[in-house]
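Each in structure tokens, the structures are laid out below.
Both of the next two complexes hold subunit A, though its partner changes from subunit B to subunit C.
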Partner chain A sequence: MTAQTGQRPSPASAPARERLRRGSSLPYLLIAPAVLALAAVLGYALVRNVAISFQEFGRRELISRTTRWAGPDNYLRVLEDQRFWSATARTFAFMAVNVVLIMVLGTLIGLLLGRVRKAVRLVLSLALVAAWAMPVVATVTVFRWLFDTQFGVANWAMRTVGLSGYDQHNWFGSGLSTLTVVTVLVVWASVPFVALNLYAALTTVGPEIYEAARVDGASAVRIFVSVVGPMMKPFFLITTFLEVIWVFKAFVQVYAMNGGGPNRESETLPVMAYIEGMGQNQYGTAAAISVLTLLILLVAMSFWFRLILRQEKEGQP
Partner chain B sequence: MSTTDRADGTGLPDPGRTPPAPPPAVSAGPAAARPGAWGRRTARRAGPRRRPLWPEALALLLAAVFVFPVYWMFATSFKSNSQVLTRDPVLWFTPTFEHYATATGVELFWVYVRNSVTVTLGAVLLALLVALAASFALARLDFRGRRGMVLVVMAAQMAPWEILIIVMYLNARDLRMLNSLLTLTVVYFVMALPFTVWMLRGFIAAVPRELEESAMIDGCGRGGAFFRVIFPLLAPGLMATSLFGFIMAWNEYAMVLVLNKAPQAATLPLWLTRFQTNFGNDWGATMAASSMFTVPVLLVFLILQRRVTGGMAAGAVKG
Partner chain C sequence: MRKLTAALAAAALAAVATACGTGNGGGGTGALTVWLMDGSAPQEWLDELNAAFEEEHGVRVDVEIQQWDGIQDRVTTALSEDGTVDVLEIGNTQTVGYAGTGGLAGLSGLEDEPWNEPMLASARLDGTLYAVPWYGANRVVVYDRAIWREAGAEVPATRKEWLRALETIEENTDAEPLYLPGRSYYVMGGFVADEGGGFAVEEDGRWKGALNTPEGEAGMAFYARLHSFSDAPADNDEASPQQSTEIVPNRPVASWIGLGWEAAAAIEAIGERGQEADFGYFPVPGPTADRPGHVFLGGSNLAVSERAGDRELAEAWVRTATSARWHQRFVDAYDGGVVPARTDVTARPAEGSFAEAMVASADAGYLPPLTGGWSYVETEPNPVKDLMTRVLNGADYRTAAAEADTEITARINRD
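Let's look at the complex of A and B:
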């Protein structure tokens, strides 16, 4: 693709491009359906979400289809709500624990993939792809079964290891325990992405570099910290931010696992927005929570965006 | 002008990686098969020292850990009830298909299947059609606002749909379009659109411009050059892209949860989560339902690995 740099356009294509540059409508006709679809569904939803967050919008307004503006009332109510702040803290803690586990385990397994013999690598890769391929909803169902109170394998494993109190242990009895199970699920499902991509990226690095480092007497840890780490820095940064965004907005895993319960104790921000809206019919409050969540997400996204743009620029020769 | 041309060429590391559900990087395939480039070779050259066995053992242990939930789902679905509901898990069993009969015998099961297939196919085809036009413009044509459009597509890839479900519900309700397969199809189409555009743009940009130009010298119009030259070369790209779209739409849960609550309009993910509630402790049937829901996705993953990467490699050799 870069072959044409500095090359003059060939005579045959010149008229076509000339015509286009003089304000042909062809490009706009081609992108119009995509732009319209995005604007009508995504754009409108984003705008209306902000609008509703400034409206008094409950069951009454839903039925009478009227609009009552409320100014910043929803935001004030949300920001005074203790539940919102504990959900926020919970979401950040959940996100931090998950992302750290995903990145550390994913990196270690990615490095391991490069060290083992071919047959073993194939077996591990297949297992990782199987975990990766599982649909989220099916995964949640399977994890509910694994952690079942009466017949779950998790309780059996705990008993076998010799821990007491796991005879009929209810893993979904508290918010913390529920989120622990969700964490196991999210980490299990996300590690393959990091591990396989890191391994694929590492294979593009020639073996000469490792040999050189080894000849200089560097240990495996030293090679990773001083050679591989810096080379893979863009990969690690981009992947970390992706995982931050994904885990922060994770809805299905948390909601389908236990509906945010018990007693709304495992609610993260996206789940809280859903429950306030669909459960309590407080659509204005729900919209305010979702706008605040979006603002937090935007911070992570802008970092990710900058990294991607910078990488795309550097990727050009 | 050459700068804009080049900006098209190399995409991001993984174009399709955005939505949480579609597991994107095709690299999983080649990664699994590629011979080890480091570690092993270097270790051998460094000396005749025997390599320790623990990494191999650890890798096999990890493989068991990662595959276990998938295995347990399938295993449970084939066990008889007396082997499922036990205090200590049963490892050896003779397979039975009774749970599959229970799961498929549920009222409206085939309606859910039809709904899921309709919505998924509709959304993917619509996305391919619309994205093909847009990505051609982004990859090949020079116009004002092109860079802006690229940024919009990139940003839309990261759209947090899960957080917008309430307002999507209100919008659909205002239009009196709740519990409609059309609504769900349109929403999934828009959800799949950004990464479809993004991936196709990369694939189109990878087709050498000279091919198109020589077709135009031979008398093809712009449209003719596209359909006769670029389009056939895009087949593997279209395949890969549509499979990611398929995975996204097939797995989607949050939207259908608010938009299509009515049983007649629900899709398989919603059915699966309700199934468990309705069937209580019938874990055998629940796992049979999960397995049936998972198998198409596993098959798609297999196709993605073999066929698509194979097609692209073949193209590279020929080119």
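Let's look at the complex of A and C:
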């Protein structure tokens, strides 16, 4: 084992770390199954996807098992397609609204968790976990009923509070309205992740810090902005980063809600790739759309990557 | 270390299991796999046919019933794989598309049977027969006799009389005069065909959308007129919610436009509620009394997969199933409620039955463009349905139709 017999080796103990870094192949063996599984499931699919994006690949090619290389044709066709650009703009707007709402509401509820009584905290946590654990398709089905034209609770609630025009209001009558309902769903389902993690992170902040700030006369807002906020900066960066990715690639929530409709007005990039690929059997075009989606996301996120890397560097002594 | 090995082994096993896929039945195993669509074959007829076939050829016939929802993906995948399916039923609007992919075997041995000529058109591509017709079906108006009697409405023979009957029902009863969802696009296509138009036209070997035309506009205008008698929203089609089982049994509907199996399903659903359906049937009325309105000639063909394990055996099953003897029994099992695929088989519908109204309008049938790309137009999001919803919600027909035509043209020329 370790040189310090009789003592539990702490992860930071220098000799142990030194041993792991050199010589031993154990870390690589331990990580091998994960890497292999990822390579088999994701890596292979990714390589195939890129290859298909350079092929003329439709129903005929699939059934007759022929390969027709097309060069950059698929990409050119997609880039010339007005629908692709409106879907891109829509995806970014959808993502921005969702991430802002998720982060703001998640943070507020996370802070609330730290301030309420134990019993209330338990109930709130359970509610959050339940929302987080609900399967996506089941959630969408429930939301479709909530916002149903004839029997929906949403219309009933609107009428009850005295708003007119909600007798048979069709919530899925326009792309914007549909995406608004999807936003409510996505935010509702994603807030628990932010709230619970923030609460967990806040428990590491000792009460003496709050006390000191309060002695200095800081208000609650001031404490958050000047004390808790900066301490939680890595948390906010990483969580926002994850939420951006999750919302950007949200497919089931949008597609199951209204199939990208009406009239393709709620079509985001993942939905467009699916409709072109599975609906129209234009596998080459769909692959090109998905590769472009990935590239757009990478470029958009590179800025975030840099921020996080810099933060890590600053964090190290 | 042992655990690690075990984990790796498990991962490898999982990969192998996935790679093996779901290959069951079919080619090479000595059994014949037949895919039929839900509701197509009467069970008794199918059992007897297969028993006879198994006895004659000494092979087992595995029938796998498929649902219409999402069928195109499954057929595409099945035709690309070995040993998944030997014989399959394909909708008549989709057959030409699959024939063009090379996934269906040519059936030249079945050329000389006395097929119903209009139905044969959907099974042939560039002079080669890739499938044989199995049955045809079309929609008629189903009406609740009690409500019509109460309202004092007459069964109409022309569009004008039809509208008058619906007005009478609206004035004299609380029932919904006609249940017509906003996106029943094959019904709308019939009204366009009544005007002499169609979904698309072929020009110099290229297809293009033809809805932005006076014929298209007039057809849609009549549809909108009918839709104004319905409480159905503009963004539903006849299948969601399922009109026969989820709408008609649940509220007073004076009439609706449906297929034979839908009428049967509605009668059953009403029966389950302890009531008795009192349905009458009449052909969709045309502009004039001498000819009923155009209705979509739906139907199915039987085809053999190019990758069938034993193609001759598969062809033999198709030959037997569509032989005069077995086809007559098939048509009889439906009480004449299907359009026969052979001219030497006749349907003998009972008086006042669905079948009688259906056969009366079968001559005024229309088919959508018979080209491989049509199946892409039919796939959701369907531009014709989107056009209908938009127009019913008040959009300008010409603008919306021009956009629909662009989309139809883009899709219909795909192969």
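Here is the rule we go by: the second predicted complex is superposed on the first by the 257 of 317 C-alpha atoms of A that agree within 3 Å, B and C clash if a C-alpha of one lies under 4 Å from a C-alpha of the other, contacts with A are read in each partner's own complex, and residues count from 1 in each chain.
Assume a residue touches a chain if its C-beta (ideal position, glycine included) is under 8 Å from a C-beta of that chain, and two chains touch if they have at least 3 such contacts.
No experiment lies behind these values; they were computed from the predicted model shown.
Engineer: Applying the touch criterion given at the start, work out whether A:P33 contacts subunit B, subunit C, both or neither, answering first, second, both or neither.
Structural biologist: Both partners, subunit B and subunit C.
Engineer: With the two complexes superposed on chain A, say which partner A:M278 touches: subunit B (first), subunit C (second), both, or neither.
Structural biologist: both
Engineer: Touching A:V78, do we find subunit B (first), subunit C (second), both, or neither?
Structural biologist: So A:V78 meets neither subunit B nor subunit C here.
Engineer: Using the superposition on chain A described above, determine whether A:W156 touches subunit B (first), subunit C (second), both, or neither.
Structural biologist: The first partner, subunit B, only.
Engineer: After superposition on the shared chain, which partner residues are touched by A:F305: those of subunit B (first), subunit C (second), both, or neither?
Structural biologist: Only subunit B is touched by A:F305; subunit C is not.
Engineer: Report for A:R65: first if it touches subunit B alone, second if subunit C alone, otherwise both or neither.
Structural biologist: In the superposition, A:R65 touches subunit B and subunit C alike.
Engineer: Go through the superposed model and pick first if A:N170 touches only subunit B, second if only subunit C, both, or neither.
Structural biologist: Touch status of A:N170: second partner only.
Engineer: State whether A:A250 touches subunit B only (first), subunit C only (second), both chains, or neither.
Structural biologist: In the superposition, A:A250 touches subunit B alone.
Engineer: Between subunit B (first) and subunit C (second), which, if any, makes contact with A:G261: first, second, both or neither?
Structural biologist: second
Engineer: Which partner reaches more residues of subunit A, subunit B or subunit C?
Structural biologist: Here the partner covering more residues of subunit A is B.
Engineer: Just which bits of subunit A does subunit B share with subunit C as contact spots?
Structural biologist: On subunit A, the residues that contact subunit B in one structure and subunit C in the other are 30, 33, 37, 62, 65, 278.
Engineer: Tell me, which parts of subunit C touch subunit A in their complex?
Structural biologist: Result: residues 1, 4, 7-8, 11, 15, 73, 76, 79-80, 97-98, 100-103, 233, 235, 306, 376, 379-381, 386, 389-390, 393, 411, 414-415 of subunit C touch subunit A.
Engineer: Would you mind writing out the residues of subunit A in touch with subunit C in their complex?
Structural biologist: 29-30, 32-33, 36-37, 40, 58-60, 62-65, 149, 168, 170, 172-173, 259-264, 275, 278-282
Engineer: In the complex, go through subunit A and note every residue touching subunit B.
Structural biologist: 1-2, 4-7, 9-10, 12-13, 16-17, 20-21, 24, 26-28, 30-31, 33-35, 37-38, 41-42, 44-46, 48-49, 52, 62, 65, 109, 112-118, 120-146, 148, 150-151, 153, 156, 188, 191-193, 196-197, 199-200, 202-207, 210-211, 214, 235, 238, 242, 245-246, 249-252, 255-256, 270, 273-274, 277-278, 283, 286-287, 290, 293-294, 297, 301, 304-305, 308, 311-312, 315-316
Engineer: Where on subunit B does subunit A make contact in their complex?
Structural biologist: Interface residues on the subunit B side: 1-2, 5-10, 12-14, 17, 20-21, 23, 25, 27-28, 30-42, 45-46, 55-56, 58-60, 62-67, 69-70, 72-73, 76, 84-89, 130-131, 133-134, 136-138, 141-143, 146, 149, 152-156, 158-160, 162-171, 173-174, 186-187, 189-190, 193-194, 197, 205-206, 209, 213, 216-217, 222, 247, 250-251, 253-254, 258, 269, 272-273, 276, 281, 283, 286-287, 289-290, 293-294, 297-298, 301, 305.
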